[in-house]
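I've put the structures underneath this note.
Common to both upcoming complexes is subunit A, partnered first by subunit B, then by subunit C.
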Partner chain A sequence: MDRKVFFKGRALPALFLLPQLAVTLVFFIWPAAQAVWQSLLQQDAFGLATEFVGLENFAEVVADPAWRGAAANTAVFASSVAFLALAVALFLAVQADKSIRGAHIYRTLLIWPYAVAPAIAAVLWLFLFHPSIGLIGRALNAAGVAWNYQLNGNQAMLLVVVASAWKQVSYNFIFFLAGLQSIPKSVLEAAAIDGARPLRRFWTVVFPLLSPTTFFLLVVNLVYAFFDTFGVIHALTKGGPGKATETLIYKVYVDGVDNLNLGSSAAQSVILMVLVIALTAVQFRFVERRVHY
Partner chain B sequence: MTDDATLARRALARQRRERWLAHAALGLGVLVFAFPIWITLVGSTHDAATIGRGDVPLLPGNQGPENFAIALGEGGGRMHTSPAAGMLLNSAIMALTIAGGKIAISLLSAYAVVFFRFPLRMLAFWTIFLTLMLPVEVRIIPTYQVIVDLNLFNTYTGLTLPLIASATATLLFRQFFLTIPDEYVEAAKIDGAGPLRFFRDILLPLSVTNIAALGVILFIYGWNQYLWPLLIINDRSMETIVVGLAKMIGSGDSQNEWNTIMATAVLAMTPPVLVVVLMQRWFIKGLTETEK
Partner chain C sequence: MLRRHLAAAAVAVLALAGLGRPALAQPAPVEIQFWHGLPQPLGGLLEKIVADFNASQPKYRVVPTFRGTYPETMVGAVAAFRSSTAPHIVQMYEVGTGTMLAAGRAIRPVHELLSGTGVTIDFNDYLPPVRGYYQAADGRQMSMPFNSSTAVMFYNKDLFQRAGLDPNTPPKTWQEVEAAARKLKEAGISCPMTTSWPAWIQVEQTLAMHNQPLATQANGFRGLNAEMRLAGPLMVRHMQNLVEWQRQGLFRYGGRDAAADGLFPSGECAMAFASSGLRARIIREGRFQWGTAMLPYYGDVAGAPRNSIIGGASFWVMNKGPNAGATGGRSAEEWRGVAEFFRYIASPEVDAKWHQDTGYVPVRRASYEVARRAGYYQQNAGADVAIEQLLRGGAATDNSRGIRLGGYVEIRTIIQEEMEKAFQAQQSAQQAMEAANTRANVVLRNFERQNARAAQ
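On to the complex of A and B.
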């Protein structure tokens, strides 16, 4: 899809493209290329000499039990966040799609958590689930559940999952609601006339019609859980207790910024880059049909 | 006995039951979503001792004005004491620069790609598109290195400039520009309007809705940045409120000045939440059209 009528000139478009391209090259392409290059190098213990080691860094990263642990954490974390955020959002969207009074008020009240930063979401949930000052944390302890996310790895994971999913539900809700509203009412009426009960109508008619939305949201939620939840983990658990909530992104940060292990951090970055590229490709290939190149 | 009247009554009863269920479910949903915020608001209106003892009540107290005054003017938290007023200003500068910058350079580059023919046009477009696949999280160290090499560490430029490249904004404007009829361009040419004039007097006014919708999303994106400011700023006078708030928590000690922290949390989320609630229409349009 292209225009047929154009303006003449080369200097003007070049000038107009310059800012975007300059920022892209200096702060995106160049660092990404650097990451790939660094991932092939290794520094000695004193940082005096670097040598080319090929794929050795990758072999070390993949063989490292700490990295495998982080990968396992990421898998558990990302799939839990995506599932929870999608399921809750779908349920609420189906309710809000019914013709009830005040539907738009519910809608307003459900979409604003989108505006809360992941790190702030972490602070809110910490304040609720803190073992000694949190309302729910104390109630749990009083009820005989030994609740302390600062000591118990599973509880810490649960808390970062809930805080991350809480924030993402709004986003999914908006898309599910838009998807539901675009289903022709006649289809639902036809199913109703055929005698299908509401629940059956949902699973056999509505849910299949929503599947493009669901698939798109699944990809977006996975990307969110992989990359945008750094703030939740950094503010809430710092990857702990132990390494119970250390995800791949968090590990790149710790190895690069705190431990200054550049070769390994770069190799980990490159692995994550491949992951984002794959996810984005999936998103545009199978979902975003509206964009033509 | 199932005559028509009974069937109709049953159907009505079922409808009523279903509506009641929807209200109950949505009410519960709203409650779950609002509860953490409510407790934060409550926490910001009590004194530190009450919270430290673990007696957070369910209703607001009367320490609100003091807590907010301290949060804004002095800051709190034993490890970290930046006043929120300065941090709010830094966040506003960051969010507005990022949103404005992204919109400006994306409008320009989409215009160049759509309304002109020139060599390497598609290469330029794909280079911009590539940024979608390179979030800062996967190239932390080398990007940090670039900032240090360019002497941009601890500067507003370093904080915002690397984040204003935008593939999504460029894609959105490109899509929109492609829908503008060729006749507009022809008419402009006949009237003797050059490309700059066309951009300013025709394209920009037509794009206002898209700019507003995108602006809302990008403001929130900018305000909520975490990893990048954490890396680029270590001068406390330049700290943004989201990072500053997380630092106030430290390791989550119960002796923290939680009342001040909660007041700061309220201050930190108020601007983006207000933007979403007040500009809801633009927000939903922006969200569903950029699809991220």
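On to the complex of A and C.
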């Protein structure tokens, strides 16, 4: 029996689609269009004098060494965060998948960090690594390591990468664990009978079967590193020292909110939008080919 | 939150009691929207003043709203103005002054508000660096000064004693500071000195106190075409000293803005250059004897030292929106209410109490007198250092009046970024100040272009 429902005419289906379309329009398309429009203008903060400048804002942004620096920082930052978060989560998930005592508690604890807001997470890391009030920061200095992320750009980058990755590990962990549990035991047993050792079983059987999950997480993690790490950077380093931890999204905020340079900020956000769309498209085009569903 | 409710309830009760007749018989009070950027506990104290004003008269009701940090409050006010829902009054930090002034139709200058409503406030009684910061070049008052601070030096008397220094004679000049820092270091103190607000204190204050320009056109007071003067001999010399002292372990860079504030109350640093407002925290957290002194200066520079400049915020009166016309989109009664509120907060008693409760400086000489007569400075030694420093040298000069540069928030960040690169030894002090100068000029030119027409 065919239970498919058909609607006659076009009005009713359009009506059902309307709420979703309205939400998309109001909360996504409209602001994005506004950003695109703003990116073509030079305007004072209060919007009293407006000058249409075409693509001048874009030309200025791309020629700005500070923006290029931020782009380079973002490349380092996003790839490190995604790699670190994925690798650690996969390792932990594989461990949690084994039959160990208290696996439930272990799993629950691992999920907790995801519930911590980015700014709070950053403050927790601050309390650990601040050179003069942080527990670990002080210990490092006492041990003779010159730890001062407020003046050492590499240390600052390391800190924001680790703090951001830490936030994302739990999310990845859940997906990896679910992925691992859906791998049929028979496949692994067959490999074991064929004489494959655990490490080989992991790389030749488990990892390929996990690839849909890994691919999905890679996309999600990169988007996370591009957009959602603002809170961590804002609370820990404010883009400093110098401009060592200023990423593209942080620069959009600083130029728009602190500096009230709306044209440049809008142009940067449009570039960022295009960049992430392109990155995701590339991933689907090239990386997905290697994924086995 | 609870406190706010209590305050509102208290206002309601007082208002009812004060009227002496049923509230229903009264016309509803005129509402004045007031956005501020002070977090607790300061925000609560500010809202208490507002509640007292509301209770003092039945005609106007000022509604205070906390809108986040100063930059967030500013962005909120900008967005509200663009959609014609601007508040009547918005609190804006001092570095936003240039941006607000260039906003032309967005704001109603205080002198205009007062002449339009017939309310008078004696601005001549205000401390020169306070009123000057918020005046046009010709002396007309543009915004209403309120919470103002300046930078001072705090020093740890216990650590001074341990290093064999006299705890009752703090160093006055940078040469003496350096000598004291060496002794402190020899005595095994890991952080002889640090600074909060590196751009405000080590650059802006240093230049003002030595009567040297931060920018041309009287630090921007005379026009949008000002150019930065960050790489002059004094500034380069001072930056070289700081970098050298940092290398030798005499000075510790503690981060941007207020990030280094904690290093002094914790007892870690022996000398700290910080906002006079840090006083309250030191009282609360410091477990040692400490003193307050004026900021150091270079004794061999002619004309130094003179007054320091202020920080803090002032109140701006805003028109409702871009298309509000000559009335600003408000009724005469609303303007009158804003002016009455300003007259209330300008009263020496209110100002003196605010000063004593919060650690901000009194903005009027009369309030300073009120606090002195109440014996406040006898009980709180050093609380008057900031005020004396602001009054030093008489009327403020073009270089010590304050800063009137557009996009100055960004410029402060630029200065701090370049300083950080110098402290990391990525560039010399000279290069740092030159790079900051170049980058800051780009900001000024962009601002000039965006605002040249808006200001007309």
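Here, the second predicted complex is superposed on the first by the 239 of 293 C-alpha atoms of A that agree within 3 Å, B and C clash if a C-alpha of one lies under 4 Å from a C-alpha of the other, contacts with A are read in each partner's own complex, and residues count from 1 in each chain.
One rule holds for everything that comes next: contacts are C-beta pairs under 8 Å (C-beta built on N, C-alpha and C of every residue); 3 or more make two chains touch, one makes a residue touch a chain.
Just so it is clear, the model here is predicted, and its values are computed rather than measured.
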Residues of subunit A touched, compared between subunit B and subunit C (which is higher): B
Partner chain(s) touched by A:25 [first = subunit B, second = subunit C, both, neither]: first
First, second, both or neither for A:43, with subunit B first and subunit C second: second
Partner chain in contact with A:150 - subunit B first, subunit C second, else both or neither: both
Contacts of A:133 with subunit B and subunit C, given as first, second, both or neither: both
Which of subunit B and subunit C A:227 touches, first, second, both or neither: first
First, second, both or neither for A:58, with subunit B first and subunit C second: neither
Which of subunit B and subunit C A:257 touches, first, second, both or neither: both
Set intersection of subunit A contacts, subunit C complex versus subunit B complex: 132-133, 150, 238, 257
Touching residues on subunit A, where the partner in the complex is subunit C: 42-49, 51, 132-133, 150-153, 238, 240-243, 254-255, 257-261
For the subunit A and subunit B complex, residues of the former touching the latter: 1-7, 9-10, 12-14, 16-17, 19-21, 23-32, 34-35, 38, 88, 91-92, 95-96, 98, 100, 106, 108-128, 130, 132-135, 138, 150, 166, 169-171, 174-175, 178, 198, 216, 220, 227, 230-231, 234-236, 238, 249, 252-253, 256-257, 262, 265-266, 269, 272-273, 276-277, 280, 288, 290-291, 293
Touching residues (chain side subunit B, partner subunit A) in the complex: 18-19, 21-23, 25-27, 29-30, 33-37, 39-40, 43, 51-54, 56, 58, 104-106, 108-109, 111-118, 121, 124-125, 127-128, 130-135, 137-146, 150, 161-162, 164-166, 170-171, 175, 178, 182, 185-186, 189, 194-196, 198, 220, 223-224, 226-227, 230-231, 242-243, 245-246, 249, 251-252, 254, 258, 261-262, 265, 268-269, 272-273, 275-277, 280, 283-284, 287-288, 291-292
Subunit C - residues contacting subunit A, complex: 71-72, 74-75, 78, 81-82, 99, 102-106, 191, 253-256, 259, 262-263, 266, 268, 322, 407, 409-410, 413, 416-418, 420-421, 423-424, 426, 443, 446, 449-454
